[in-house]
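Shared between the two complexes below is chain A, which has chain B as its partner in the first and chain C in the second.
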Partner chain A sequence: MRAFNAELSKLFSLPGIWLAFLIGAFVPAVIAALDSTAQKEEIIAGVSTRLSEVGYIGLALGVQGIIILGVLAVSSEYLTESSESGGGNQITTSLTVVSSRFHFLLAKASAVTVIGILLSIVAILTTVSATNLILGEYAPAFEAPKLIGVVCYWTFTALLAFGITILTKNGIIPLTVLIINSSVVAVSYLLSKVTKLAFYLPDIAGSNMFMSDGFHTPFTGGLIMFAWVAVLFIIAVIVFHRRDVAS
Partner chain B sequence: MSVSSSRKTTRILSAELDKLITMPLIWRTFVATFIINLVLTAAFTSASLQGAADTKSVLNIGLASMIYLQAGFIILGILATCSEYTGGQVQTTLTTIPWRGLQLISKHLALAVFTFPAALVITASGVLYTVLMMQDTVAGIGINTMIQTVVGAAGYLTVTTLLSAAVGALLRRTTPALVVLLGYYFIVSPLMSDFLPRVHNYFPDAAGAYMYMETFSNEVKVLTPMQGTGIAVGWTLIFMAIAIVFYRKRDA
Partner chain C sequence: MLTINNVVKHRGNQEILSGVSFKARPGRVTGFLGPNGAGKSSTLRILLGLDRATSGSALIDGVPFAELQNPLATVGAALDGFGAHRMRTGRAHLRWIARAAGLSHSRVEEVLEIVGLTNVAGKRVGTYSLGMGKRLGMAAALLGDPEILVLDEPVNGLDPEGIRWIRTFLRERAESGKTVLLSSHLMGELAETVDDVVIINHGKVVADGTLEEVIGNHSTLEEAFFALTSKNNGDGV
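What follows is the complex of A and B.
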């Protein structure tokens, strides 16, 4: 528990984390607002084919904030400090204090999960209010199961970013790959046009939890994404356990 | 020791170039970008191998991966300037070169000297691969158009790299710089081209795209290649100027 508190405190004292919060809280709302504005006329006329996606599209595309959270949580540990303060890594200190590596990772992952859940709730609030503000009475009702799906999707995304960063130790690769993949030109989306197997990729399967026209049912989608997170975590724990701290 | 000013400039430039090419991460980024680009080009080529092709479509397919490719060059630019701030290299740099504006300009120049050939190799390899794979179906290839386009694409990537380097120098930390730039190029820019297409044409990436799209794209063109180049270079110079002003004022 104390390790968990320590991880929370470390996370909140990172300068980059505020960027993550800012992006996480507002980008989905902005994307949803733009999309709603573009579709407003069709929706009012009752001919929109994408009514069920309104708002959720923002939550599906606006995951950059949560990605930054997951990546920063790990990459900040491996950042080399300036030579004035000894040129060390935070990870050496962290592992001196919490010597069980498994407990260290568990505490960190829990901290990321808790913040991820809170951030996704904030994002849902801003997105729903943005959609309601623009569409007024035409705004679709947001159902609880789908919103829970969004929370799961966001949290799993944070944990995926977290797991990948443990393997790479450097924030550049996971940030680039995940941000590009959350964009309009997503690689996994292109792949899904080529092969059915792409529907089992974590982001596509996971988005089935709240996007309606999915390949999987919401439950299987969530399960597939969770399986990715679980497998990645097992690999990350093993690698982290065996690796020399400083290397 | 007194050195003439032209000698001084060459020395600074060679020092910056030296720092750049001895950075392992730079080479790893370059090699990774090269390989990923070839894989993507191969995927795009095999996807469109059916049907007849002409020079236009060869260039279109060979450069289809440009949107992903620029991510590698954004990283390159950020690494070049942000690496100074990990471990306090910047203090050593400024002790030996106490002229901050000159130092940062030389850094950008050195980066351009490194990036342009690298970008040329990567874009040319992509186009060459497509040509080789599609030579049975290609009717006739205009070599001149091809060279023009590849050089334009390499120029665009170089300008993007310099812009990223300027933003990196401004923000000084890799992660925020990466988030800001990737967020712009991959999230904001596509949204803008949907919702504000006319304004979007004057932003660095859309304007820069005219540097190489002229010959093969079927989209409506608002700018000529020269205008596109001018706007993209202008943006880069503005960001560089801001970076230099901050660099001179700020505590290192």
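What follows is the complex of A and C.
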């Protein structure tokens, strides 16, 4: 519990985390607002084919904030100080304060999970409000099971980013790959046009928890994404446990 | 009590440590000396559970670091660099460490006072000078008021005033019965501070004893150090 408190304290005292909060809280709402505006006429006319996606599209595409959260929680430990100061990094301090590496990772993952859940709830509130503001009485009703799916999707995404960064020890690669995939070029989406196997990728499967045209049922989709998180976390724990900090 | 017992460390094809053994006892300041790259930091990292020994053991009061219940209250460590994220303030850095050990915010203010950082505690670590960063590392090591201190190159980069402060401080710690192990490649600064000396060169301990024993027939610790380390190199003097 102490280690968990320390991890929360670390995250909240990092300026970069506020950028993650800002992006996480507002980007989904902006995407949802733009999409709702574009769809408004068709929705009012009752001919929209995408009514079930309205609002949720922002929550599916606007995961950059939560990715930054997961990456930053780990990459901040490995950020090398200037060579003038001896080129140390925070991980040496962290691991001389908490003697068990497993407890350290567990505490960190728990802190990311808790903040991830809170951030996803904030994002849902802003996104639903933005959608209602634009579509008024034509806004679709947001159902609780789907919104819980969104919370799971966001939290799992943060943990995937977290696990990958444990393996790379550096934030740049996971940040670039995950953010590009979520927003600019959806590699996993394109792959799904080529092979059905791509439906088992974590982001595609996970989005089935709240996007209705899915290949999997919401429950199966969530389970597949959780399996990715669990496997990655086990690999990260093993690698992290064996790794010399100096290497 | 710190007990390093026949520690061997391989990295890739290189043997960095070849059977290092020594002890650091309570009530004494033990100086762990050697040229750069001799294996000082590697030994300390293994002692603190940061790196893994290929064989041998490094024990803190009889147990490996990973088995300590509350590490901060047992052993305080300051290794290379500041050990802090540059975007965080000095105070925020110490506060998360205090949280991890279940210590209060008032203890953070106490250690800031001890190391003389109170006035800059609200500034980001990235703006600190080398000396200030070293003091921050010391503050972190002192938070849990541990029985044992492990310091890697504590005087490196400090101004004369800082060096004097650290000497006095470490002498006081040892005289109150605590264990202090510090590494350094600077001989002059240390001769007045240490009780026991361990000299390492090329991953092997080449001398281990009290300051007087290690100096032996040489005029100073520095002379003894060069005699021991260059002999081991096979260069001759």
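The working rule: the second predicted complex is superposed on the first by the 242 of 247 C-alpha atoms of A that agree within 3 Å, B and C clash if a C-alpha of one lies under 4 Å from a C-alpha of the other, contacts with A are read in each partner's own complex, and residues count from 1 in each chain.
To be clear about the criterion, contacts are C-beta pairs under 8 Å (C-beta built on N, C-alpha and C of every residue); 3 or more make two chains touch, one makes a residue touch a chain.
Just so it is clear, the model here is predicted, and its values are computed rather than measured.
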Query raised in the report: Are chain B and chain C a fit on chain A, or do they clash, once the structures share the same frame?
Result: fit
Query raised in the report: Touch check for A:79: first (chain B), second (chain C), both, or neither?
Result: both
Requested in this report: Name the contact category of A:88: first (chain B only), second (chain C only), both, or neither.
Outcome: second
Requested in this report: Check the residue A:172 against both partner chains and state whether it touches chain B (first), chain C (second), both, or neither.
Outcome: first
Query raised in the report: So, A:152: does it touch chain B (first), chain C (second), both, or neither?
Result: neither
Query raised in the report: A:33 contacts which: chain B (first), chain C (second), both, neither?
Result: neither
Report task. For A:16, decide between first (touching chain B), second (touching chain C), both and neither. Result -> both
Query raised in the report: Which angle, to the nearest 10 degrees, do you get at the Cα centre of chain A between the Cα centres of chain B and chain C?
Result: 80
Requested in this report: Name the contact category of A:112: first (chain B only), second (chain C only), both, or neither.
Outcome: neither
**Report entry** Minimum Cα separation, chain C to chain B, after superposition on A (Å)
**Finding:** 9
**Report entry** Intersection of the chain A residues that touch chain B with those that touch chain C
**Finding:** 15-16, 79, 81-82, 84, 87
**Report entry** Interface residues, chain B side, partner chain A - complex
**Finding:** 43, 47, 67-68, 71, 75, 79, 86-88, 173-176, 178-179, 182-183, 186-187, 190-191, 194-195
Query raised in the report: Which of the residues in chain A come into contact with chain C in the complex?
Result: 2-3, 5-7, 9-10, 13-16, 76, 79, 81-82, 84-90, 92-93, 95-101, 242, 244-247
Query raised in the report: chain B touches which residues of chain A in the complex?
Result: 15-16, 19, 23, 27, 31, 34, 38, 61, 64, 68, 71-72, 75, 79-84, 87, 171-172, 175-176, 179-180, 182-185, 187, 194
Report summary line: Contacts from chain C onto chain A in the complex sit at residues 11, 41-42, 45, 48-52, 65-69, 71-72, 75, 77, 79-89, 92-93, 95-97, 99-102, 128, 130, 133, 140, 153, 156-157
